[in-house]
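Take this structure first; my questions come after.
Read from first to last, the chains carry the letters A, B, C and D; within each, the first residue is number 1.
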């Protein structure tokens, strides 16, 4: 989180005494947490059946996700892949004319190797992989994309971006500083850029479920679930003015997973923009979730909390591995878990009968 | 959360044993929590200076928000209002032809009083206030809007929607059930509908800060902050393909506030779609945040947790008041707190110097 | 078009001599025009088979649309409806605080009858039917919605909005003028507001085509066309970051129809945001287009051109009818024609074979 | 236009007789056309003062644009640049699993040179410059980007895409054909992809106007116009749920320019998604338009019409030049002309007085 930078400096906040906040007795919000599963993960990078911890105030998230895990286990497991990974930060420069920013943008695109060396001065784990420039009038936005090892990488890329800005301001006389963050990044805001250009890990998970399993565990049919996905997730989301999104509730599972593993849960905003895609293949249901912006790390803020370390260890994400493999493993587990929760809720919504009975129960509670 | 309904029924989940999940020793995710403030709130509904609890893995959220609170206190406080409140659920019907759904949509719009009575059978706190229909081919989407008292109202409106569906299916022969949730609601997904038609509480908070205070507490000027808001929040967000959004990090403060007060934090997705609007008035900075979808309640899931009750009481949101007043008070506090955090971060981003120093510190940490 | 107003005033443009533009020998762009059809329209408001004129530089639009018309005729015709109609203009006011604009917004919503009377002073054909307000900080946006008879209504609603602004500024002391157009209207810009709140005529057209007809006239199957609509129009558009849109090329047919009937063709921007919805029902293909923002008129700019009058007469849109019926008839014809063109192109794209042969031909032309 | 392909094949449309359409006496829609200017263009690629033809049913477009041209001439001219150019077409493949499409996507990104050779077999003017892949479940979307010389390039890239599909289907056994157009292109639909990844020519035009000129020719001030741009184009468009757009009426000028120069005017949909960016620099107004998707050509459909040839010649776009230079020149002229029209309308909207008088005049006309 970019905030992290702005306040890790001694004496940063002048003109005010922040003791009250800093010395205050630390408390904790206790968010109920349970493990669900085993979530049956199959794929080139990870093949395992894992109990997954989820922290939430919404108790139904556990049995719902578990029901999905159960049927996926019977169906042979969830094939889960990572398509891409990077973390981004955009900065803003300004000049007196578009002529200056256009020349700078052109030049920067040709000096990627130099920029990579500059970025490398700020981190031994991150690497600049690409940049994207956007120009509006005399404003130049540069979106830096980096791989960030096992960290989600918000701070790593921000530090690199700051160093890159200094270097660029030194190299291009006509440019001036506008902002270390230009919202083209974009961090924790609904947008199209993260899906199209990438931010975090792009995870796809899929499972094929027979008609029998659909009926026995989900009380539905491949046709009913496929039709619901079209009418609700695809058409309904578009009608709402949705943006690069077609799913029922990725956000619920992502929030619970992020909280249980010490992630910055505000990243569920990008995370919620993904696709549930279904098909009827022969007599089976093809069910998949595509989540382009899973933002997780196994090191960094929140990862040193006791319960987080325990959870990451239990998920096998604190092993000695190649740089980035622990974080990739965590993202894969996250994606497979989201599939379980999404599948279960959609199946429930195909059946008015189930909800009728549910209502009777709730009404007695007098909502 | 709609999930709540699907799993509150005994024996609901057949074909599987959910004991492992339900009987599992309950654990908790311990999210660090601190109070910041006092946040100086001024307005027709609430005039108070309150310490606000924020739970987050991102430690900078506390001093950042506190810096904003401090300068707002010196500036005379944050004027905060609620413009509107409602909770929504959309359902989907289908017919064999658009002729049938068009006639039903027209009829429903003329029978709002009857629909209101039907909805009232399911709740003594909620009231149907309006509906919006959308038609695509032979599909009919009906978005129900209700006031829900002191609850955020997800379950209340879902129960009412289910009863309304039963009634409508009985009244209109040609319609059939498609889904209790059609994503036009829209719940926890980035969209335009919630901002335009309303979901949750529409909160606006504003403060006017003199040039002197800007310099002393924020190390910036009214002109610099106004220019940054234009280039980063307005232009930058649009460049990213942002949707009904122009802010730096509403999501961070909303997440911390929601977790500390027992809210369903996945609602930060709608919450993140709001506006920071600034202006230079004479020699002062006008700074405001407009958050159309603050979704909070003082009763319901998560509100019975000990620390949540303590926090709600400390905020004065568990008093005997008119129906809905406790929740409105909580939403106002939320909006004012978001302003504090947004103001502080934007001010920091106007100053490259601050971040340079911050980086040196962080680098020693070896990110 | 709002421009219309700004230049109909004698001596408006001071400091410059506009003679060169005004006295210049008037020329014309000659856009090739052909009629296609008959387009078989069935529905409560219009039941007719009409030859529809289309003007375009893209010659394929004629045979393509005609192929669609032919198969729809065989299939029993296109059921076409208008769900809603209104024209909009939004204005912007400003105050020193959100308190003032919030009070004004609340008051305006309670004084709709008075506002209607004020609007009526400016037109004998238009009628204010509703308004929507949006508040950002101390800014107040008011979106006026009017019925506008047989005119598309851009000027009618702008004139009314200007009078309403004067009246509101007189009634609410704290407000000041910002703009007669606030882009919340929104006119000729891609947005979500026009689809959700309405602008122009909301037209839905549908047809049911047997497997035999699909094969004989479209060389495809109900299943193939339905699958393509899901993968291309629904998923593909969303991936592109599309907004309230799922169609292949509404814009092409709308442009050709608007040019041939003297409409302001820039309105194809709103028009392009609509839905192609398909289904396989038994052995048949259900095919529909939903176009929420068809903006056409039978009077006003461009309608007095000779060829336009001829075309409107040929379409039966210059008859003595109730106010608005000619324009409604024109919108219905437009929607049915869009369906013909959309159906034909989608069918072609289900067949790689057809395009292979097409390519060979084109290559000889040496593109 | 992709339609072009589907119908240029002899005997293509079987099962129907298209003679009625093809042999029908060709007519024309006569769109009034006038030249405005001179438009004073300054820049590295083009320095000229040109009379620009505009065809429209909306007569105000001429004096409005001309007023803008006049003030820009006095201000020293409009600096206009092209930042990027490419035309795109996306195709869809499908496999039985994400594993297959993920491997194919990875492989294709490493075989760009081979793909370039395949594309070159279909055209001697176009060149494949890049590709972007998107994966949803088992679907693979590949967006091909090509330079297309002096043609707008719709057909050129579609032909190349078709050949590329054939080649890819031959190389990757697990893939099957879904569509030659996947809407990720995206053609004539509102989206975010074209702005972020490029489609057509990315044009930026800017001018700096003194306070005196603002007052004399535009009856406004730098401050008033800058404030209006913020409140209307930036905030207002976002409130409307706008997408990558902040302008008043790019579409009006683009439509008139496209019709007068034989372009496929449906491309105004992408064209309308651009930015008006303003600033007050010292005592001057900085005014710019950024139009990422100007789609024009000097050869191809519509360019052989007599009046189009005359207009292109008069604009100097039919000279013997390097491949693509004529089209680039045309795009630059287009961008500068849009600036003139945008500037003039925004200035008018800062003055309620002007519109008041305008209304009185119009009322006499009895709208």
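As a working rule, a contact is a pair of C-beta atoms (placed from the backbone, for glycine too) under 8 Å apart; a residue touches a chain by one contact, two chains touch by 3 or more.
Given the structure is predicted, the values throughout are model-derived calculations rather than measurements.
K.L.:
Determine the set of chains touching chain A that also touch chain B.
P.N.:
Common neighbours, chain A/chain B: C, D.
K.L.:
With chain centres defined as mean CA positions, report which chain is farthest from chain A.
P.N.:
Between chain A and the rest, the longest centre separation is with C.
K.L.:
Distance between chain A and chain D based on Cα centroids, please, to the nearest Å.
P.N.:
Distance between chain centres: 34 Å.
K.L.:
Nearest whole angstrom, what separates the Cα centre of chain B from the Cα centre of chain D?
P.N.:
Going by mean C-alpha positions, chain B sits 38 Å from chain D.
K.L.:
If a residue has to touch 2 or more other chains to count, which residues of chain D qualify?
P.N.:
Those would be 134, 136, 139, 191-193, 196, 235, 237, 239, 241-245, 275, 277.
K.L.:
Please give the residue numbers of chain A that touch chain D in the complex, ascending.
P.N.:
43-44, 79, 81, 83, 96-99, 102, 105, 132, 134-139, 191-193, 196-197, 202, 204, 206, 241, 243-244, 275, 277-279, 281, 286, 288, 290
K.L.:
In the complex, go through chain C and note every residue touching chain A.
P.N.:
192, 195-196, 230, 234-235, 237-239, 241-246, 275, 277
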